[in-house]
Structures are given as structure tokens and as C-alpha cells.
Amino acid sequence: MKYIDEFRDGPTARALGAAIARAAQSERSYRIMEFCGGHTHAISRYGIADLLPANLRLIHGPGCPVCVLPIGRVDSAIELALQHGVILCAYGDCLRVPASAQMSLQKAKARGADVRMVHSAADALKTALDNPQRQVVFFAIGFETTTPPTAVVIEQASRLALQNFTVFCNHVLTPPAIAHLLAASAPGAALPAVELDAFIGPAHVSTVIGSQAYEPFVARYRKPVVIAGFEPLDVMQAILMLVQQLNAGRAEVENQYTRAVTRSGNLKAQRIVAEVFELRSRFEWRGLGELPASALRIRERYAAFDAEQRFGLLYRPVADNRACECGAILRGLKQPRDCKVFGTACTPENPLGSCMVSSEGACAAHYSYGRYRDFAAQESA
Amino acid sequence: MCLAIPVRIVELLGDDLALFDVGGIRKEISLALVDDVKVGDYVVAHTGYAIGKLDRDEAEKTLQLLASMAAGEPAALAG
Amino acid sequence: MSTVRKAYVRPLDLKNGRVDMTHGSGGRAMAQLIDELFATSFDNEWLRQGNDGALLPTAPGRLVMATDAHVVSPLFFPGGDIGCLAVHGTINDVAMLGATPLYLAASFILEEGFPLADLARIVASMASAARDAGVPVVTGDTKVVERGHGDGVFITTTGVGSVADGVRVSGDRARPGDAILVSGTLGDHGVAIMSLRENLGFATVVESDTAALHGLVAALLAVEPDLHVLRDPTRGGLATTLNEIARQSGVGMLIEEARLPLREAVSAACELLGLDPLYVANEGKLICICAAASADAVLAAMRAHPLGRDAARIGTVIDDAQHFVQMETAFGGRRIVDWLNGEQLPRIC
Amino acid sequence: MSTVRKAYVRPLDLKNGRVDMTHGSGGRAMAQLIDELFATSFDNEWLRQGNDGALLPTAPGRLVMATDAHVVSPLFFPGGDIGCLAVHGTINDVAMLGATPLYLAASFILEEGFPLADLARIVASMASAARDAGVPVVTGDTKVVERGHGDGVFITTTGVGSVADGVRVSGDRARPGDAILVSGTLGDHGVAIMSLRENLGFATVVESDTAALHGLVAALLAVEPDLHVLRDPTRGGLATTLNEIARQSGVGMLIEEARLPLREAVSAACELLGLDPLYVANEGKLICICAAASADAVLAAMRAHPLGRDAARIGTVIDDAQHFVQMETAFGGRRIVDWLNGEQLPRIC
Amino acid sequence: MKYIDEFRDGPTARALGAAIARAAQSERSYRIMEFCGGHTHAISRYGIADLLPANLRLIHGPGCPVCVLPIGRVDSAIELALQHGVILCAYGDCLRVPASAQMSLQKAKARGADVRMVHSAADALKTALDNPQRQVVFFAIGFETTTPPTAVVIEQASRLALQNFTVFCNHVLTPPAIAHLLAASAPGAALPAVELDAFIGPAHVSTVIGSQAYEPFVARYRKPVVIAGFEPLDVMQAILMLVQQLNAGRAEVENQYTRAVTRSGNLKAQRIVAEVFELRSRFEWRGLGELPASALRIRERYAAFDAEQRFGLLYRPVADNRACECGAILRGLKQPRDCKVFGTACTPENPLGSCMVSSEGACAAHYSYGRYRDFAAQESA
Amino acid sequence: MCLAIPVRIVELLGDDLALFDVGGIRKEISLALVDDVKVGDYVVAHTGYAIGKLDRDEAEKTLQLLASMAAGEPAALAG
């Protein structure tokens, strides 16, 4: 596939790995967080860590919309489907996300909930048009990449004056989350954390919001950010660029993913998002807790399409499992294998913490792609 | 991870809709979030929407840079 | 006095008719459906016996018995339909024990309202698949369930086969050092099916690979009677099937991503939907594990067979107390290829 | 460094859990369902092989193969459930060819949302029926269909058996002059099922007669190896089964109403619903047609067996170019007992 | 079963048969019509004809509510289910009655119609209560026996002010049909017909309407009627009673079925029927054509429960098959085997005429129970 | 044919409902169309409704008459 396969070339990767190893100064360490689950996925799936020098550590960030979805929000989605009897349209990613009491949308479906998997917000709107006698709710999740399509269908529903279509909005924002992690890992922060040296910045989020969006906190925290595509060579190139910035003592926003990201981003998408959504004052992120100004809600003028308003949903937060070390893992203090329940009580089938929920979470990625290393390490020990 | 891939537009269907091709797979996509897309353009497809255009010149530049980095060319590696 | 005329039964309306509850009642309507459709299409001496089971000759060698329910949706897909799939699927499960498939039994669960024209098409496809494979459908059963309690048609086929002396194929015989071969491209069936799914639909040239593999198996056994393991990577795909075998044999596996045969359109569909082709179903492929010493000969025999043209040696059985299936990525890294977790759903992130 | 712990899988929740789509995905959830429920319940050496089919010893004599899909509603009924019914039904079809049933294959089509507790109850009942019958379930398959596309659970069983030399039982061997025997009371199963149907429901002591008949068959063959026809009058009841045999053998039949074994409650239920008990299903009865000369011995053997206590000689095979089944009514008249026409529905007029 | 088995005793039947043979005068013939399908059924099922002398002929009447249901009325029921999307509750007897274009309720169900079999009008009412969001129509058919339960549920629905329950009324009346057959078989009638000598009168219809109801036309046409139960000994006794009346030259209404029929019938049932229903001026009977004052419709005051009114059903008559000899068979002129299509194009699976529709019709009864006689007769010829 | 059979009332359930028994089958029936039914009475059951009572004395009389007719007693046969 054009513009995909070229960025997965093995020989180039190995050469790039060698170049990174050469560039990395042996006397120092490089602690780089890839914010996005997409990068986590690429790193795990292609085994990128095997190509990197030992003193360069990748720390998996929380940039996976499914992982950060709080249990209470999934509970509300299930409530919509089971108690309010709506047709709930959801992305495939959401179906197995655990809710309270061992439920999930998939299990709710087995109990009679009318849950329909969609692959596009447009399919949800179409479901509403096809079922005029039913209430249809679109369970909208995702970062800035996924928000514009939701905005488009809300506007279309408004133009069509649909009476049976609403959106349960769970869209979250990337920059506040990165800022939160930087604040937490900064010297003197409230929580203990490994200091992060640099960030690999989001790919498609940046396509929409532009590289500009990261400039303020790069300036504030003086940590380099390189926006990178999700292909493995993109990630390796970004790592090399970050090593070079760190070696040179620079802290800039650089853009590796120039083929799809500009400084200002997709203005048309930004406009329609601004038209339909506004900032929430605070929003709970699973694994991170409540973050201020980190999510969107539907504006008053589109209130007729807001499922939270139409169905009077009350948010009930659900505490994370006490054994879960996700927080420490996200802050770079621990590794998945340091969690007592990793791979035993907590597995992808029965995740206890947010990092085990989607294959992009740090624990799930390690479980699904990397846990053989724990055994190998143990045997050689 | 915001699953999105570059796809080639092969037909404009009107009404902000188009048909794309990727590796022999063809599917409809909405162009509601992008302007001035022509047949032959590549766009970044996410959940059935083009969320941006793919700049082919920049892609080639990146590939060249990767090739020279891999070749260990000092210019490419100069931070 | 008037003459007595022979009872006349209006023939089944295979054009516009539909299955109704009487077709499963055990009475005349069911007898008619069986006579005019099933018996006519599958015609063979055993079915003609007309009993509730088939009386068959004594089978030589050890017996093999395998059964599969087929519930595919949509019923018709590029490259096949539930009918030929039901024949191939069970023949393959029999063949995967190194057996020569001899007979099939077929049981149909029809949903009230199912168009007889569709049923006729499916039965014709089944009959021709059985004929091509040389494995007759010798007995069957038909039930009808009320509308909304089925899904058009479900077909369970059961196969019986016979294993020649000296053949000892079984999932528990993979040994460290053995070679792992696959008979062709991966994921074709699953992608062909997905291309027709509501809310996913895409146009593609990919066709299901549905095929009966016993001929290929015979060709492999001809060059190496002591194949260790054969298995068709159906539901759960290559990844899950290798994990099954690893667990059964108590070994690990190491495969090489670069050697996996994959069509570009299958890769593209998987990229688009966020799926991993290693977990996508195949219906005309087999995994073969054999001693490394015979791997080349077996691979050559595969490639010489029309159903094995794209065959590849993809990896090696290794010693691993954890029974992990690991993969050397094309990229040069290494990772686990785990069991399928849940079901593989299209993703957006 | 932390120690590495063995992967732990939360056991199936057999109390409150439900079938979901992952149980049919081919992945870990399916493997768990098979391990913890099916393999545990049916446990035997062949199932333990863990392959997609079973490798069995060489079978002596001619083979018999029979298959039946079971779609009964309700799933649980007085005297049994779909599980034991699925075992008995197929064992009986094998036995009706004079064969010793050897092995069963079982394929399950589960509806998303089906309570695991119900499934466990059904599987336990199947396993105990198979154990009691001495016929192991050696291979199986599980599929899950979406809610609204199935009906709780459908079970297709396929049986393989072996026929001793000298036994030639077949539906085409009824000859004029042969005696027609039935092994017990008619219509019990159908009435037990109807008693639970919505809009019909009634309280009754009638239980389904579901039972495996191969032991009875063996007892009959012991006194007369040359039985001509055996058949279990399931769907369509005695009437339809006799018509089938008459057609197959090209003969007529004459039965006597006064000799038909019928429970009073079955008669009463039929009166109430406007049904004819001759068309109501049985699941533990057989029709035996044999030379008149051996009829007394065969009848005595039937009556000596626990499943044949109420056996009766009900009529005679006659010559009839029309293949009619006629009945001498208890009343002294005569009439045809025709094929079931359509399905037998409760009537009000 | 008490009061059932005693009336099926074989030895008594044979003795009674002998008594009838003795009583029947060999020089004359006895042409007796059993009006009711119930009697037809008993005669066929128990083989009563075999016990009767050759000069006593039973002619099967039209007293089978399913047989006389015109195609157009079944078409309307299907229209309700398929076009109006109602839940149509019908007795099992109606499901396979052929409608136009090879349809039937059973086939409509296979095409998605929501047709539910009920065994009681009360079940139809319950269906309406259980499905408040759906329109439920009860497809009411039957003679005077079946009408009172329909009246009861209409009254109940009215008391409950149900908005989603209506009745598609097809109830017909026995006396006008008997009168029509008597008129047709009377000397000088418009249509040729065998003169009928006597009638076996309905059993359960008479339980409701009483033996009195037959007195007017017995007086007018001077043909004896004996009301008989549906058990075979009831029928034989009634035949003997009719032979005796005919021998004596009497023409009276006699009651064999005294255990369940009185002269005035069930007054309570009659009252509620009169409360809910009124006479239609005319109604089509399949096989007989339009008969005046032969059926009931729902009174204006219960119009809210009349499906014909709520759904604006228009009756479209459908002509009977031209080859069909039902008319001649019902009038005693022909036998089923005289029909060219009997047992070939016309079978119980694919009935062309009304007499083949239910097992109580003359042709169906002959097909299902008696057709071996045609072959036997042919062979001996 | 107006399928109806005599059944014995075994329990009054109130609200015009009762339980009947016939040959070991028990089922609910409506008494809305009949008056004064007591436990032990026989009624004629049709489509879940009692459409009339069964007069046991009359039934016995009929049976006696049948018996004497069958016995060929002249009195019984006298028209």
C-alpha cells in the first residue's frame, strides 16, 4: 500500500536503529513517552524496542481513548441501552470495555440491549434515519481526530431536525493530558514520577489540531516534542530526532509527520468542532483522575442532540481497582510486570485497570506482544 | 490510536462523498472535513471521514530523509 | 364410475416459494422438500436407501469423525456460499487428521420464510462441492424454526474418514525443531465475508479461499507419511491455531512475519478496519508441521498442488515452557502472537 | 525483579453468566467454554485428543451414519430436555438400522445471551445420557449466533455405528404378511412438549418418552436377527412413519385401532386440542416389522425389556399398489391413516 | 374419558348398525345430510359408513367454519397482518386456509406477518394487553358455538377501553344455511339437487341456540332433524332415529344430544351475543355463494373493536375454481371422486375448492380417510 | 365441527375462571357463559370457555337407550 509499506521497511529500520544507537550518548539515559496508543501499538507490534539501545526507554502514555474512558461513562452507555431501550451505536473498540459489575456493552447486548457496532458516525446517523420509531444514541468517544466526524453528524441531525438522534459525548483533548503528565513528572510535583525527557507527539490528532498546539507547554516545561506518524519508521525517525534534540539541549516542537500534519492543522475541522462543542470544566480520565478543561461537551444550541440531557444521565464515578498500578506505570515509575495482578487477575479478557483495556494500553500491549520477555528475563536470571 | 490510513481518491460522488482505493479495497468516504479534493489525491481516512490531505511531496521528502539516515549520511543525522 | 387418478403433487415452487413450518413437520411437505430438493441434488446410493441413517460399507483403517456447524452471514459471499463451505469445512477437519474423507452427513436448520430459491442455490453448491470432492452426502436431516428464531439456514455437516496405517497426524505431535508450513495466503475468507457486512461493506477483489483440502493432504502424505500436525486455520486465524497446537504439543513456536503469504487487498482491508490478518479466518488453507528434514520436500509438494501454490515455510517449533507463539517481525523485532482475545472487532483507534 | 506468575483465567460464571459472541470467536473465550464445560462434561479419550476431529479405532462390520438437528422448544420439558433428546434421537436413528451405536459428534449453535446455567444443565444431561447409553461424544463444535438469530441452543448430533453380519434392517424390507409391532404408548413426547406451549399450556402427568433404544434393538435382534424394518416414529408420529415405510417398501398396511397403546392423558390432550395421537411425536418408541412367524417371539422380547413393556402387535403388512396405510377402527369401520398433511396444529373446529 | 369413551364403543356400534339395517326398508333410500363438519369427521374417522346399509346415504354438509370462509375474507386477514402490520391472532384451523395467489396466513407468516396462533379468544385479548404498543386483531371465525367467546372478549375490551384490540368478525349462522340447502333441494328449486330426506342437526351449535331454532324450517320443509352429539354412537343413534321418523312419515325436531342440548339453548350466551352482534344483510359462504341474513357483524356501539371499520377493510370476492364441484357435492348430486381434479390438482395440501380445505370438508374427509375405497371399487370392477 | 368436550370442574378460581380435568389433563376455563357451576360438575368446553353444562342424568339415559337399542330391545327401537 502506497505511503504505508514504505514506512515499514525492515532494513531501513535496522539501519535507523544503528543510527539511534550511535547517536545516543552512552553516559546518559533517554526517557521518552509516546503519548499515543497508536505509537504504543506500533512499538509493540513491530518489536521496535528490540532495535533500541538499552539506555533509551519508551514510556507508554495514556493516549488511547478506550483506555481512558471511565467505568462510569460505560455504565451510562449501558444504562441508555438497557434502561432507556435506545439503539446504542458504538465503535467496535467500545464493545468489550469493562463496566461495573462485570458488564460491558457486549454483555449488555447478550442481555437484550440493542447495541450496534458502527465504523463511522455517519452509520449512527443512518441508523436513526432507518429507525424513525426508535431513539438512537451514538456513543461518541475519541480524541481530536474522532471529534470532527461527530460534529458533522450533529450538525446534519440538526439540519434534518431529527427527533430520535442524540450523541453521548465522551470526546477528550490531548494537550491538557500531556500537560498534566509533564506537570506530574516535573521536579517538585505532588506525585512521585520519573522525569520524562521528551515526548513523541500524536499523529492524527495533530493532523487536526496542528503542531502549534504543543508549542505552549514545550515552552513552559522545556521538553522536546516530535510529532510522528504511526508507522514504525515514523516512530524510529522521531526517536532519532528527539535524541538529537536532547543531545543538543534543544526543546522544540518538531514535526516528523509532515506528510499529514501542518502547523495550523485542519482549520475546517477545527471550525466545525468549535461550532458544536465547548470545553467541559473537568472530566474524569480512567487511570489519571479528573483533569480540568480536558474534554468537550455539546453546546447549548445543540442540546436537543445531547444524550446526557435528553435522558438525564447522572455520572456516577467508579473507583479503579486498588491493586492497579496504572498511575505509576503512566508516570514511568513502574512497568506492567511490577503490578501484582498483571497476567493473573488482570488480563485482556478480564482487565482490572485501564492500561489493560485496549491493546494500546501499556499493560495490554505488554501482555499481548511482549510478556515472553518477562519469562526470558527470569530464565536467564 | 486514531486509526487512519492514506487512501487514494478514485471518484467524486458529489454531496461531499467520494470513493477511495487502498490496495484494491474500495469504499465510500466523506469529504465534509476537507476542501478541494481531486481524483488522484491522497487523504487521511479515519472512521469514514477524510480528516486531512496527504502531502505527497512531503511524503517523498520524509522517505528520502529516512533513506539517507539509514545510509548514515551525516547531513541527515545532523540534529 | 370415474377412473381413479394417481395423486398429483404440485412441485415445490423453487422460484418464489418460501420455507414454512410445514417443511419441518415430518409430513408430506417435508417429504416433498427432501425428495425434490435434497435427494435429487445429493443423489447417491446411500441416500437412495431412504432410511433415517445410511448403511455404508465396512471402512478400512482407523476411523475419523469431525463435525462443524456452519452459521456464516452473509450466506452468499465472493468465492462461495454456506453450502460449499459446509462441505469443505468438515472434509478439511477430517483431512487434518491425515484421513481420507469418505462420507458426509448434513443437517439443515431452516428459518421460516427463507426463500426456496436461495435454499436450492445453496444445496446445488453443496452438492457440487461434495461431488468435486468425491465425498457423498449419505444422510441428512431438516428442521424448520419459526421466523426470528434462526438466520436463514444453518448447516451442520459431519464427516467420517479413514486413516491409512503409518499415518499419525495429531495436534500434539509438534516437536522442537519441526518446520511450520502454511499452504497459501492468509485471511482471504474473513475479508471476503467482512466486505459484505453492513456498516463495514467495501468493494474488493478478494474471494473466500473455501476449498476441500484432502487432495492436498494426500499429496503431502505421499511425500512424507509421517507429517506431525495438520490443521486448518479457520476461526481465530493462523494465530489462534498455532497457539492451540503449541498448547496441545507443549511447545513454543517462532514464525517470521516476512514469510507470511498475504494478499495486498487483505492487508489493506485489515489496515482499514484495524484488524490483524493473523487472526482472520481461512477456509482453504492448512498449517503443516513436519520434521525439518522433510520440510523442503513437503513444501515442494504443496507448491506443486493447485491449492498450495503460495505455500511458505513460515517458522519453526521451539522449546518453550510457556507455549508462546513468537514472531520475528518483518521489521526486525520480536513479539508474541497471542490467542485471539474476545472476538476480533473492527476498530477506529 | 518481580516473579513471573502463571496466567490465571477467571473461571466461567456458570451461575449468572451468559453466552456472548466471544464464546464463538475461536479465541480464548471459546477455548475456555470448551475446556471448562464441554470437555469436562463429556470427558473421554477421544475428546481429550484435542483435535478438530476424533481419531477412532477401526470399526468392525458395515458402518451406519445418522444425523439429526434438535431444535425443540421449550428446551426443558417433563421427562427430559434438548440435551438428552439430542443423544437419544441420533442413537435411535443409528439403532434403527440394526447397528450398535459407537460414537457421537455434537455441534452446538448457541444464541448470544443464552444463560450459561441452562447450557450447563443441558450439557450435563447430554453427558449423562451418553454415559448411560455407553456412546461417547467424541468430537464437537460450538458456534454463537447473534441474539434474535437463534433460539437458545440448537444441537446437531451425528452418530456412527456398526452392523453385525446377518443383520439387514431397512425401511424397504416390509413384505405383505409381516407383522407390525410398536414398542409402547404413542404420543407421549409430543403431548409433554405441547403442555408447555404458550397459549396451549396445560398441566399433565405425561412425560416425554425420550430414551435410547439401542439396547431394546439388541434384545430384539437377539431373538430374531432378520428383523425387516425398525423405525422410530418421531416427527409426524406413527401415521407418517408407517406411510414412509409403506412407500419405501411398496406395500400397504392394515393396523387395528383397538390395539394401539395410548395413555389416557395423551388421548385427553388430543381430544382437547383437536389432534390425532397417531400424528404426535414419540422419542423413545420404535416400530418393528418382522416376519409373522417371529412376531410372537419379538413381541415377547420387547415386553421383557423395560422400554418395551407396553409393546403391542398393531397390524399387518398387506399388498396394496397404492401403499395406503389403512386402519380398522375400534368402532368397526375402516379408514385411511394418511401422511401428515402440513403440520398438526391445534384446532377449535 | 368420562362421557366420551362410552360413546365410542365398537360392539354397541355394530349392534346399532345391525338395528339400523333392520329398520331401514330395503325398498326405499335414505338420503341424510349431516350438516356439521364434526359429524363428517366422526363418520370418516370411525368408518361409520361401513356399518350402514347400502340404501342409506350420508351427504356431507357445509357445516365447517373453515371450509365456508371465503377466500376474500382470508385475503383481508392477510392484508391486516402484512399491510397494516398488526398482530393477527387466529385459531390454528385458519393458518393453512388458502387465500388468493397461493397465500395463506402460514405463508404470510413466513413472509414476515406477525401471526399468532391462539386457542381461545381470551388469548387474543391477552396478547393485546401484553403488547400495548401494537395493534392486535382477533380473526374470529365460527358458528354459533364459537361466537359467544368472541362476544365476551369484545365486551371485556370495551370495559377495559382497550385502544389496540379489534375483532375481524366472520361468525356465521347455521339455520339460514340449512334453510338454503333445504330450499335448494326442494322440488322446483332453481338448482338441480338430490332431494334430502333428513338432517342430522349440529351438536354444540345447538348447545348454544337450542333445538327450538330448527323448528320453523322443519315445519316449512317437512324434513326431520335429529340433533346429535359428535361421538360416533351419537351419530348412529341419530341415524336410527331419522330412519324411524322417515319410516313413520314424521318430520320433527328430535334431540339425541340431550346431555348437552336443551330446547332453548344457553340463554346467557345468546344474550351476550345479541348484545355485541347484529345480523349482516348478506354474507358470502365459500361453496354456497351469498346467503341472506346468514352472518353476524359487530354492533355500532362496539364499532371501536371492529377491525373492518378501524382498518377500512374492503371485501373483494374471489371466484371459486371453475373445475370445483363442491356445489354439486353439497347438494348431493355428486361425490368427491366425480370431480375431475379430486386427488390430482386438488388435495389437502393444495385445495382448489372449499370441501378440500379442512379435514371436515367432504372432499378432504374422503381424501384423508376414505379414498382407498375408490381404488378398491376400481379393482373389483 | 366446534370441537368441544365434556370436562369435569375440579376447582373454582374466582373471576369466572375454573380449573377442569379431563383424563388427567388440567387446564383453565372461563365460566363467563354459564351460571351456577360447582366443583364436580361437567361442562362442555370449547375454545377455553364452558358453553354449556353437561347433564349427567341425560347422559346416563342416552347410554341406557344405546345399550337397549344395541340389545335390539323393541321398546328402544320403537320410533
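Every chain is named by a letter (A, B, C, D, E and F) in the order it is written, and numbering of its residues begins at 1.
Criterion: a residue touches a chain if its C-beta (ideal position, glycine included) is under 8 Å from a C-beta of that chain, and two chains touch if they have at least 3 such contacts.
This structure is a prediction, so every number in the text was calculated from the model and none was measured.
Common neighbours of chain A and chain C, by the contact definition above: B, D.
Chains that touch both chain C and chain F: D, E.
Chain centres here are C-alpha means, and the one lying farthest from chain D is B.
One rotation lays the C-alpha atoms of chain B on chain F, and its angle is 180 degrees to the nearest 5. Looking at contacts between chains, the pair that accounts for the most C-beta pairs is C-D. Two copies of one chain, chain C and chain D, touch each other, and the residues they use overlap strongly: the shared fraction of interface numbers exceeds half. Averaged C-alpha coordinates give centres for chain C and chain D that are 28 Å from one another. Separating the CA-averaged centres of chain B and chain D is a span of 61 Å.
Centre to centre, using the average C-alpha position, chain D and chain E are separated by 38 Å.
The mean-CA centres of chain D and chain F are about 38 angstrom from one another, to the nearest whole unit. Contact with two or more other chains is made by residues 1, 4, 37-38, 64-65, 91, 96, 106, 119-120, 123, 142-143, 145-146, 349, 360, 375 of chain A. In chain C, the residues that touch at least two other chains are 21-22, 28-29, 264, 267-268, 271, 274, 341-342, 347-349. Residues of chain B in contact with at least two other chains: 1-3, 5, 22-23, 46-47. Going by the touch rule set out above, the chain pairs that meet are A-B, A-C, A-D, B-C, C-D, C-E, D-E, D-F, E-F. Chain contact summary for the complex, chain B toward chain C: residues 1-3, 5, 22-27, 45-47.
Interface residues of chain D facing chain A in the complex, by the touch rule stated above, are 1-10, 13, 18-22, 28-29, 112-113, 147. Residue ranges on chain E touching chain C, taken from their complex, read 96, 102, 106-107, 109-112, 337-338, 342-345, 347, 349-350, 374-375, 377-378, 381. For chain C in complex with chain D, the residues that touch the partner chain are 21-22, 24-31, 49-71, 73, 93-94, 96-97, 99, 103, 105-109, 138-143, 145-146, 148-151, 154, 156, 158-160, 163, 170-172, 231-232, 234-237, 240, 244, 248, 279, 281, 339-344. The touching residues of chain C, when paired with chain A in their complex, are 199-200, 258, 264, 267-268, 271, 273-274, 320-322, 324, 326, 328-336, 338, 341-342, 345-349.
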